[in-house]
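Two complexes come next, and they have one chain in common, chain A, joined by chain B in the first and chain C in the second.
Our next item is the complex of A and B:
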């Protein structure tokens, strides 16, 4: 990993970057409200948002029940995943680490697979519209699976000294859940499989207005908690021995990092399905743009950039040319990877 | 075409002395009005069946020669698969094939099925418990050893090509494509009854049965067609933000037209489902009075359960005014039985859309959601 000491050589540049980031977020939010399969013009949008003219109930519903919750979900999920990914990369000092590296999102997949695919085996029917509670059941199943895996990882983290061994254990847990999901898939009817595959590609559109509040609250708690760990994460970057010599309780610090990163990943995967790439790429983008390794800056900047990239992807996935809604994980890498490649080449010059 | 004549000519010369052989000319084509994916031709005691292949317009997916099982397989039909009829032991990998076998009066011939958990047929269910019928496939996986052990003469499958079918043929089992689902009209699907009937030598019985179905279906359709109003309808449920909307030439679009409803996406291309953004469906269907859906849940559908799936459903007029017509794939044999009873499925829809037309009618497959 490219470790640079935190210098405040370019504070003005950074502040400009942060401010323009916030502005860009607001602009993207507005564009996300304007663009979709149904044409809504800017005057129409403003009239309905401000309530100056008698509103068209269908347009109001599309704005407030469909587009706004989806845009906010994208913003919050993008921020959360990016921060979770940054924490994993700093903890393991590995540029390939991402929020799913410890198997937590595989745990969520297993929970959902048991619900969507496994229901058939036990009860004699597969409940494709996912049980009585619909999408809420999916969220609960995903959360349960993710938290279960997270607890296993935490037990490991308490006993295993070496970071790299912990990383390998996490990957192994991921493989085990992956296999279990594979077996469930093997025995599933086509319709259930289709639904599970679609869930596995992620979506920001599944968080309805009434569930949005809790989602935003939980993610904000996770983000706030992560900011409290910025100094710990700075020390972690120096390596275990240095950090220990500087008085850091490595095991406790590691536990907190895993707990908070895992919590963010679990919540976001539960509500949106596994969203690929953002958690891996945004930390790299942020380090490149802000030229720093200080987590006091990296954490909020990653959150901001993650939100922006997620809003961009959400916009691209919902362009009218695609007729429906493209799965979000198909879009994130398509848009994000070229940006990362470009930045690396630019940094190399 | 030219180079086809020589082999055909040779074939005729070589086989002309054989009494049991028949030329493929002047066969009697069995009258078929609705189904598009198979043809039946009769010649004396032989029946020639062709099943079209959706992926190949030139090469059919199967040419089958049905001959009386007490006689020897006729010669001169090299490109046909010989099938002795009536079949005595069959395997069904689609649940509709079970239904059609039952309608032919030959449910006893079914020795193995796939996806036992999803079968509704009572006879098959109890035989699965007693072990007289075995499960030989689940999902897309075929268990070849179990299939071989159940010893069917023929297997009715819903796919067209692939290694799986060759492996089944290697077991000495005749593969019969059963493609009722490709038909885009309710009567076209039901006409596969005749297809099944041919394999049990029940051609006359199934033709009579089908004619009854057709006349009942058309009677109800003409009642609905002459109704004063043709209320608007839409269908489906979104999966993760995308809605799969039946195309304008689809099975369901035909059903809505015959039920005297105006389908709001009738202009959508094709017979398959088209993906559409949730918000677009909402913009188009928010004020539509009728919404047909098939859920897959335990028990019955209530408004509470529907809104728990997605609170936005409550924004649709159909939900507000009690215009939701639902079926439940988990508890109601709509897909398994409905295919052979299109007149009843149609009546179900008509009794809600035009409440005065069928007084006292008790629906079987579709129910209406309480307001």
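Our next item is the complex of A and C:
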């Protein structure tokens, strides 16, 4: 091992990585705005964004009604899910943990299933075509389901000492909600079922311009709160006993971690549906890329990398060859998994 | 000497330790009264299941005592806040913080947590404490290595450095030598003794290795399933028969002459030996391997004599020469217990 070499270069490499990450984010944002069913050239884009020249109303409409909200949703959701996943991995000291590990996104599914499928089975399909209002109720249902499960987990977390028992418990709660969803699906009419399945594949395109502000605000609050936990997370990584011996109140720390990670997951799942893989893979990529376990760096870097990956996936999902937009959860894993596999092989050399 | 170092670092009063099983209290050791002084290395030794870990876990604050109390630096533990506690006792456990990409300096820096603010930002004092801790444990050159790439001994040193950075008057280590190779054990024990003696740390370790404990600790705490905890100086405990009492059983006996634990079987024969050092030690050693006991001249008709020059070794029975060996290698190769049965 060339240790001296590492010592000298590591901080410089990290700063370079962070700066190029920010630049890449900006570039990807622009490309996301340019590419789609109607291609917009860079001069066109800049003119319409800055309003220097008389704007083209069609292009303005496409940009501000669809592409910009979608790109920002992707950026924010990617960042939030990655940070939520990182927090779960550090809490459970388990690289396989992800934001959905405690059943919080299953809770969101259950909420939405009760709304779409339950309503479908009961009062017919009139409700299902109610447009924006319908979307808002879906968001609220998902949020309610996710927060309900989170409350259950937190009640358990107050009485259960062992982290691994809590983990098992979260997985079990996930299974129970999953079964409940399964039963609802079984008794549902076809149209309702299809709508639920589409929700379940996730999308960054469902957050409309008018609702974007609240979504960004909530996610930003979650992200900011997570950054306050970097010392706590660093200690958690050492294991319960060492953390406790270093003065950490384990139960309170665990509560805060679950609360903030759960809040991010709940909000993002409510607005975008369950987005797979980002929350699992991005923390790995970040640790490997930045070669650190310190959350002072890992938290912002995961947010950055998560945003980049989500923008990349959002772009890939809308490539012209697909003739429309692919569901985002399908694309995230398709792009992300090979990257993780490549990293593992690179690490083994 | 300041006020705190005159007081005991840790003292227990009528401390009963154990665990809860449902609503039942299962006590492992009752009414323990011991003290741990500044500047001493204490080894807590005893067979498996005698309550070593329970005592360490209780004193480190991981589980409450069943009854009784203990004081840290002369103050009852119940008056300590989490943070004060973290500045008073540090621990090194057998479980390793095996986080991916965790470097030695990250780990050692974590020792400063009780002193840093909410953000965990390190001050100049913190950085000095970290680098000093790594220097005094001899891992400064590895500060940038990942913890899960280190050898067991290096990792143990990194953890001890974390404890030093934590700057606590008391350090407790659970089986610090357990996974180390032989030279590694000696080096760790030597390091701990130095920290106790030079930095006035009160250090308590648990260990299975009685030989190591006898050799390096200033004081022993003996525990056994059916006997109360007993503290004392290693040599005193050996001579007054307490070590024998606490560890004899299952056919193993503490031999007060050699300081070793031996299988409790009757010797085949007795012999007296006369030889220069270090030959005397190794002749005895070889004879013991053949189950021959070495005693004084008056108790046996058999006698072995090695000359000072050339090491010719002779075997006598009632002052009659039975056999000679040209040198010690000849003796080690060809000695057999059958000699004692020759007419």
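Convention: the second predicted complex is superposed on the first by the 332 of 349 C-alpha atoms of A that agree within 3 Å, B and C clash if a C-alpha of one lies under 4 Å from a C-alpha of the other, contacts with A are read in each partner's own complex, and residues count from 1 in each chain.
One rule holds for everything that comes next: contacts are C-beta pairs under 8 Å (C-beta built on N, C-alpha and C of every residue); 3 or more make two chains touch, one makes a residue touch a chain.
Since we're looking at a predicted model, the values are computed, not measured.
More residues of chain A are in touch with B than with the other of chain B and chain C.
Of the two partner chains placed by the overlay, only chain B lies in contact with A:66; chain C stays clear of it.
When the shared chain is aligned, chain B comes close enough to touch A:203, but chain C does not.
Contact with chain C, but none with chain B, is seen for A:296 once the two complexes are overlaid on the shared chain. Of the two partner chains placed around the shared chain by superposition, neither chain B nor chain C is touched by A:47. Once the two complexes are overlaid on the shared chain, A:94 sits clear of chain B and of chain C alike. Across the complex, chain A is touched by residues 60-62, 82-83, 85-87, 89-91, 93, 95, 97, 99-103, 106-107, 110-111, 113-114, 116, 118-120, 142, 144-145, 149, 162, 166 of chain C. Contact residues of chain A toward chain C in the complex are 1, 3, 6-7, 10, 93, 95, 228, 230-231, 234-235, 237-239, 241-242, 244-249, 287-288, 291-294, 296.
Listing the residues of chain A that touch chain B in their complex gives 36-38, 57-58, 61-62, 65-67, 120-121, 123-136, 186-191, 193-195, 198-199, 201, 203, 205-206, 208-210, 273, 318, 323-325, 327.
On chain B, the positions that touch chain A within their shared complex are 115, 117-118, 138-141, 237, 239-243, 274-280, 282-283, 286-287, 295-299, 305, 308-312, 315, 329-331.
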